[in-house]
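Each of the next two complexes has chain A plus one more chain, namely chain B in the first and chain C in the second.
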Partner chain A sequence: MMRTAISILKKDLRMEFRSKESILAMWIFSLLIFVIFNFTFEVSRLVMLEIAPGLLWVAFVFSGMFGLNQSFALEKENGNLRAMALMPVDGGQIYVGKFFSVTIIMLMFEALIFPIFIIFYDLQLSLGMFRLIPVLLAGTIGFTSLGTILSAVAVHTRNQQILLSLLLWPLVSPIIIWSVTLTGMVLSGEVTAAFYPLLLRVGAFDVIFFTLSYMLFDFILED
Partner chain B sequence: MSVPALEVREVSKDFGRIIALRGVSFSVQSGEFVSILGRNGAGKTTLLNIISGVSRPSEGEVKLFGTDPSDRANKAKLAVISHEMFLYGNLTAIENLEYYSRIYNVPDAKQRVEEVLSDVELTHRRFDLVATYSRGMTQRLTIARALLHEPSLLLLDEPFTGLDQHAIGMLIALLKKQKEMGRTILLTTHDLHTATELSDRYVVIAKHKIVKDGLIVDTNPDAIRAEFFSAEAGGLES
Partner chain C sequence: MRSKIDKILLIILLIAFSVSIYLIFQWVPQIKASNPAEQIAQRIFYFHVPSAWLGFLAFFIVFCGSVAYLATRKRKYELISVASAEIGVLFISLVLITGPIWAKPVWGIWWTWDVRLTSSLILWLIYVAFLMLRRYLPDGSKRANLSAVVGIIGFTDVPIVYYSIRWWETQHPKAVMASSDGSLAAPMFFAFMFSLATFTLLYVYLIRKRYQLLTLEDTLNKQFKEMEIL
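Moving on to the complex of A and B:
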């Protein structure tokens, strides 16, 4: 049943590893954000801890937009989007394949950029930082589960990037805001009782977005 | 009588105020080779998109092997060749074909991939990225991709566009072979000579509707051309 999804995932990752187009562009873009903010604002460590979570997610989300746009732009080239519509498979399988490829690429990029972020903003590593792993996973999955289907909608239009931003931002905002809050708790070492319920809420949104997108993807592929 | 491979009943399609097709009806029996003739903008590609289930008609209905074109079982029996490649430039020929063979669940995929590559004379370039191929080679690989899962119905949308003489000759030979194998083929073209050489029947679309449906044996390219132009001028319109 997952054969199609795995085939699409393998194909996407093979193309990405060959060109490194998305990861490299996302990494350079995030690096620029960190450099600009680091040298523009001379702030105390306390203030830095306040703004660092937001800055990290700005880098993740803006770079993630590039990855999302790139994912279906590749399919639009040479009519492959039409080839997908012609495939004798459930549209949901195509969605799962695309979702996992975008998510894996984004998580790899996050793993590459996070050490740079730590160095730039002089943050101290501690065991408590491992709590960031579920936060980054949940936030990223929410962003990509919604972003994948909306990217497939936007790719049919001429102003793909503008439309994707317009559609995605209002819907994904709660997840990003909660992820920033959770990241702030971990980075400042002040993980309160609100941490796990909030993480659970992000997870619940992930499940809702993923399930709805899976069910609706067949309609997106039609002209 | 057996169920036709394709049945198009009173199909109309509009995109807002733009009319693409008006009340188009025809059927194609299994094993038949039918050419759809018409000028650019006549509605040929729209018709093929509706037949392949990618687009829905505004009115009317299409049946493939007696059922809806969007049925998964029908999609597995179908192949489309158009001016769009349906290939990934950043993958090699073999990677592209292996990807599609997994999607279409092709049995003995490795052997089948080698077979179709040999049919289109691309075995020697199988490990090269498709982005490095010439237009003709890309189109040959497109044909290999389409034939990979041995479809029962082939939809060809202007497949000769941009091909050199060698590639055209190869495609014609491949289509003749497919016809001999009993495949149903629907070809849209404005090349009357190729259409008459390959087809059993021809359908002329002018001004978004069918103006002529005839057998090739009854006629010749010049007669079809005369009908074609009189239809464009409005002569065959009722």
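Moving on to the complex of A and C:
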């Protein structure tokens, strides 16, 4: 039943592993954000600790746009998008395939940039840092579930890249706000009782965004 | 028939707005505030809150129009949601303008990143993006589909945006209508309700007008196309 989704996912990942285009661009771009940030806001280490979670998510969100833009822009070449629309399958399948490929690529990029982040901002590694894994997972899924459908919307326009940012950022702002709060709790080691309910809330909205996008995706492919 | 209703609406609106301006600036008693600037600034509330209400109503209609469009594929619903989105953006802009005008004398600052202010701004951004999306797309069923999808996702996001910023301390005045201690005096309440009704009527008038204009544009485009074929 999920065959179409799986083949799209396989195809996207194979393309990414051969070219490494998105991951490399995202990684370098994040590095640039860290460097520029360092020079534009020369802050003390204490202040740095306070703004580090925000900085991390700024890097994720800005770099994540590369992956999202790429995801459907690639399909536009050689009329692939039209071919996809003509496939006699449920449009939701295409969404699922695209969602997983974008999410996996983005999570891999996050795993690769995180060590650099730790080194640059001199954060202490501890066992509690493992709590960051569900946080990054939930935040990223929220970002990509909305991002995938809006990328498919924006790809039909002339100004795809700017429009995707304009559409996505205000809509995804709640997820980012919560993710920054959660990341801050983990990085500072002050995981309060509010941590898990908040994490659960992000997860719940991930489910809502994913389901809604899955249902609506058919309309986007239609001509 | 259509224009007759509009004419009557317009006349009612002219009268209603004159009455509400009289109510707001003459009839309603001065509030008791230590700061004289606040006493005058408070009257902006009668424009600020109805504008916000109108914005939400307009975005709700965008959502309804989008769902109806995807269900029926009737051009009518697409045009209604576009017209409503435009009006919504206009009135949320008014909210974002009148708010700081009040805030400066009362709070001493134009802007603060408080829940209501931030969520109104994000809301505004969502629907501006919706209108920009339509700008960037050529007319046709594709555009109708895409904007309907964004119209649905956008409105679903509204409560989430509000919820996400809620726990921050709020500086914004509480919803006065809801308080049980009767903090809104009877004349104020009446003036407010009158203003609210007037604004709602204004919405009805504006959306009718905008919808008619969009239909006219459609007819004109169709005629141009026919001429080109000849």
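The definition used in the following text is that the second predicted complex is superposed on the first by the 219 of 223 C-alpha atoms of A that agree within 3 Å, B and C clash if a C-alpha of one lies under 4 Å from a C-alpha of the other, contacts with A are read in each partner's own complex, and residues count from 1 in each chain.
The rule we apply is simple: contacts are C-beta pairs under 8 Å (C-beta built on N, C-alpha and C of every residue); 3 or more make two chains touch, one makes a residue touch a chain.
Keep in mind that what you see is a predicted model, and the values were worked out from it rather than measured.
When the shared chain is aligned, chain C comes close enough to touch A:P174, but chain B does not.
Once chain A of one complex is fitted onto chain A of the other, the partner contacts of A:S30 are absent, as it touches neither chain B nor chain C. Of the two partner chains, chain B and chain C are each touched by A:E222. Using the contact criterion defined above for the overlaid structures, shared-chain residue A:T4 touches chain B, although it does not reach chain C. By the touch criterion stated above, A:H156 is placed in contact with chain C alone, chain B being left untouched.
Once chain A of one complex is fitted onto chain A of the other, the partner contacts of A:M15 are limited to chain B, with no touch recorded for chain C.
By the touch criterion stated above, A:T103 is placed in contact with neither chain B nor chain C. For the contact definition in use here, the residues of chain A common to its chain B contact set and its chain C contact set are 222-223. Those residues of chain A lying in contact with chain C across their complex are 146, 149-150, 153-154, 156-159, 163, 166-167, 169-171, 173-175, 177-178, 205, 208, 212-213, 216, 219-220, 222-223.
The touching residues of chain C, counted against chain A in their complex, run 70, 122-123, 125-126, 128-130, 132-133, 136-137, 141-142, 145-146, 148-150, 152-154, 156-157, 160-161, 163-165.
By the touch criterion given at the top, residues 3-4, 7, 10-11, 14-15, 18-19, 74, 77-80, 82-83, 85-90, 222-223 of chain A touch chain B in their complex. Those residues of chain B whose C-beta lies close enough to touch chain A in the complex are 49, 52-56, 72-76, 78, 80, 82, 84-91, 95, 99, 102-105.
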